[in-house]
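One chain, subunit A, appears in both complexes that follow, with subunit B as partner in the first and subunit C in the second.
Right, the complex of A and B next:
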């Protein structure tokens, strides 16, 4: 077994391989560039058809509307990069949002209501991580089980009733900081921080190593099991942050979660360039993909097209992305 | 690779600019519609023969005090607390009904069947039910009929021949009329509006929209139907879609209709957060609890649904009437206390009446 760990390349500083900046950018971040290009193109075309598309309010709707999905996709990207998957995150977000809301209306301090979902998310996903890493149960099986438990538990506990009368201070996703909506700040700060951490920290880079070649990761001394548990726990923290945005956007909290939320989150990561086989991709890509979804959704309304197209377009994008991933792998082999 | 994706998207945007010319899709289904008269006069009831069941060898209960058990889908939630209150109110008013509510603690058909079976064994004169499953509940109800018990459903039906009558809380054309009337009252008879629904293929929503379209064309021909957008049963997506509509149409759009209890509060929140309360009206189907914040802030003036207290009240009166023998197959109406004369529809159903519109004045009387 060769210890060829598939890390994203860090460029040699002396420019051993002299290439144009754009070509290098595209070689390292091909899928991110494609998604960004699609967003830009959509903006140009739709604005040409209906200039109201780029009014400030609509830009805010597009860029902050899917922020909670982008935040959840950061954690999902890490999990998928290790070669695992989590299909329970949608239900988890629903449970965590209900916990936050219940604490807030029960008179607990706001900071506590906003911290609890992060901690509970980490705790739940630590259990999942232990079962996957040490129990050696495939993550799809563990998280399918978690999905039923969380979804059933949510309906069982809430009885389907909604949480209303939320204190105004709790509704942080409705607030603005320097006139920028809070969800947008969450999305940008968390994406950039996670990107840098994954690219430059030893821990972050080991995530790629585990997904790219687990045996080699072991051989190079990476404590794979422990790291896997940590990655799941971090993913739980991001689910908690996403749940906070989800719970505080409206004045009422539903006891159900959007149908197929986990699928939307996984789709965003995959279209953003995270290989479903593990080892490659960035969280910039997953965040761009959620913005692309929001852009397509808004564009379809602005140019009067049925939302059926949204699903068709996203389906096409998934196929194209997976195909590109396969081709890239074949090209390297 | 990128080129393929880009050209696909480009092709799509071109094809869309072509379809721009087509009339926008309303999201209604293609089934025949039956709009009510604009002034609300009752439509002539199509004569459908009675298709309900009959109890076997029921004793003469005319005028006698009867014991009745009400088995809702589940107990402990606001909605069925309200129907239960309606039944208790009616029983107290009549003085000849001993009614109690006993339902499963979760909406489970097996628990519900067991409960009904126990009451058949212990012996009651009448059963009121709201079925968790229309097919699965039917055998046990037929068993009750065979034991001479009067059986009346409300809220959620069984198969028709498994009960005598069913109190139907709302028909599609009735909901449609209430929605459009409430909207017209707020935005004027020539206002423009858009709709946020779940999906174009959700049967109930598609039916309501088709009926609304027919009623609006008939009664408010100058209203402008801008477009219908889908938002699944997703509150954040509903919020985003409503925002996008506000961004797209600006001052042109005077109202948003929410077609689900998820979409309506989300649309109200979008209007609130966009600072458009008073400029963009929100009218929709929703449960009162989810709408209280928006009604309290005066951003939403009308929430359309039915009144579950009245629903329970009507069901109790219908049961009394069948036990007395005053409501028999072939009847066209039934007397229901303060609700007055209720119409028989579809053979063996009794229509509760026009839907209920929750407003600032009454919404706090409800908890569901």
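Right, the complex of A and C next:
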């Protein structure tokens, strides 16, 4: 990759301070460590109460059923890092899943049904990106509008009916590769790839630069408008991938996505350490946060708490994480 | 006031509203009737109350995503206080509204004391309050309220739906506060430049705390009216209402970055959305087509107003 700009590395390499590795890790990836700690703690506690919790099948169900949220959160993390937001992604995933399913049952080749959502997602979000970058409309306004348009379009096209009789080859989320469920592979590979790309490529670094200080980014010679459009387009591609996982995990495709899916995705991103003010965070954090939510959901069932309390517990946990993060940041400042 | 003062977002929006009303009344004879318009007013009161409080919040550069969840929580608490705890209904109403107002206060407390960005703080309490509503209700609904309670949501006073009087009063009071009081100017000042406001000795934290509390109160009031209108309580009430309210506020010309916005703009935005919803459904357009159109109107309105503003300032 040709480096258009030379940004300094996150912090200078300093071999002499090798013993401070843990401290450095915590300073750079504090929020990720907190979330990981919460997951581990949750596992230990719940396993004490009900040993069946750490059953492999259960774990796989937890993780792969929520992988699509983690995949969508990767794109969301990039958008939020530039200091923008997208509240329409839930509706977009619904639309893209419907497109994939409709193509699959209408006799189009499977590969086509599985690539179309990615391309359409990119196209839709390119329009959103252009409106944000060149139309100078705040992203929350554009995506609020897009939310209405996509949601209305989805209901209009499907009329609320479910898509059934999906061809078996289409249901890739139910398959396994080397006995690992496909959604899990998607989640891990995409997270690691996106993390490395954002940390080491010039493009990835410019995402942080734009979010950290847009004016400085312009002064550095980063084509901010073009980058913003690209980031939204990439986010659309991840929404397409998420839609494919969502569409192929069951035998039917419901015409509705889980309510407030966009808020779940945004929350996972933010809890994972991506600052809503832009400029900081990693996609490892957002994936860990998705896993945390999924673990909480399953844990409640295993310790016999009514599922009706699930959201209250998640809400309380989000609040605790946010407050802990704020206190940690203030302590460091 | 000279004619230049009229070149602003609210004027364009009002013209658009008139245009929409004219076009829609040609599409269906049932649209431009007093009965229909009053009924539409009934339907927009809940979003309206929330949107009025939201105008203040957004004008400070903040946002409150938890209002829909507060609405759901208050509705559930109203039912529980009345039926399960056995309070008399007026007391249950007061207690539920107090709880919802406290929920708003808690938002403000988290935002001002811990310096959590409003979007994050209210995203967290959105999950928390809705979760509490679900947990407390265990998916049971409460019905069978006494007849007098329905006056609020289904009755009329002087031939106008009861809740429309409440919305009207709220809009007038809010306009006066925002436009003519020192407190209202403080709201704009915070939205334009929070740091400068703080250095100018303005009560930034107190104002914000009061605004989020007021937002909780507005959502609680909307909840009671909602329950009275639909005669039942469910824990999923008000889901997504925050986005409807924000749409109305932003369409009404309030800048999402703060510092600019009027109550009259919000009300016009609200009327425009409701007129489109109702008029198009009477004209035979399905509900989903209307939702799409509202989304497009939102984006276009802001785009056009941006273009005008840019050409005007140079």
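Keep this in mind: the second predicted complex is superposed on the first by the 299 of 333 C-alpha atoms of A that agree within 3 Å, B and C clash if a C-alpha of one lies under 4 Å from a C-alpha of the other, contacts with A are read in each partner's own complex, and residues count from 1 in each chain.
Keep this in mind: a contact is a pair of C-beta atoms (placed from the backbone, for glycine too) under 8 Å apart; a residue touches a chain by one contact, two chains touch by 3 or more.
Quick caveat, the model's predicted, so the values are computed rather than measured.
Undergrad: Of the two partner chains, subunit B (first) and subunit C (second), which one does A:123 touch, if any: first, second, both, or neither?
TA: In the superposition, A:123 contacts neither subunit B nor subunit C.
Undergrad: I'd like to know which partner A:252 touches here: subunit B for first, subunit C for second, both or neither.
TA: A:252 sits against subunit B, while subunit C stays out of touch.
Undergrad: Looking at A:313, would you say it contacts subunit B, subunit C, both, or neither? Reply first, second, both or neither.
TA: Touch partners of A:313: subunit B and subunit C.
Undergrad: If we overlay the two complexes on their shared chain A, which of subunit B and subunit C does A:131 touch? Say first, second, both or neither.
TA: Second partner only.
Undergrad: After the superposition on A, what does A:156 contact: first (subunit B), second (subunit C), both or neither?
TA: In the superposition, A:156 contacts both subunit B and subunit C.
Undergrad: What is the contact status of A:50 with respect to subunit B (first) and subunit C (second): first, second, both, or neither?
TA: A:50: touches subunit B, not subunit C.
Undergrad: Based on the superposed arrangement, let me know which partner A:180 touches: subunit B (first), subunit C (second), both, or neither?
TA: After superposing on A, A:180 lies clear of both subunit B and subunit C.
Undergrad: A:219 in the overlay: touching subunit B, subunit C, both, or neither? Say first, second, both or neither.
TA: neither
Undergrad: In the superposed arrangement, does A:192 touch subunit B (first), subunit C (second), both or neither?
TA: neither
Undergrad: Show me the subunit A residues, by the header's touch rule, that subunit B contacts in one structure and subunit C contacts in the other.
TA: Residues 156, 259, 306, 308-309, 313, 316, 323, 327, which sit in both footprints.
Undergrad: Spell out the residues on subunit B that touch subunit A in their complex, using ranges where they run on.
TA: So the residues of subunit B touching subunit A come out as 1-2, 4-6, 8-10, 12-13, 16-17, 19-20, 24-25, 74, 76-78, 106, 200, 227, 229-230, 232-237, 239-241, 243-248, 250, 262, 265-266, 269, 272-274, 289-290, 292-294.
Undergrad: So in the complex, which bits of subunit A are touching subunit B?
TA: Residues 30, 33-34, 37-38, 41-42, 45-46, 49-50, 52, 55, 57-58, 61, 65-66, 68, 156, 159-162, 164-165, 174, 246, 249-252, 254, 256, 258-259, 261, 294, 297-309, 313, 316-317, 320, 323-324, 327.
Undergrad: Over in the complex, which subunit A residues touch subunit C? Could you list them?
TA: For subunit A paired with subunit C, touching residues are 85, 87, 131, 135-138, 140-142, 144-156, 259-260, 263, 266-267, 270, 276-277, 306, 308-316, 318-319, 322-323, 326-327, 330.
Undergrad: In the complex of these two chains, what residues of subunit C are touching subunit A?
TA: 63, 65, 110, 114-117, 119-121, 123-132, 134-135, 137-139, 239-240, 243, 246-247, 250, 256-257, 286-296, 298-299, 302-303, 306
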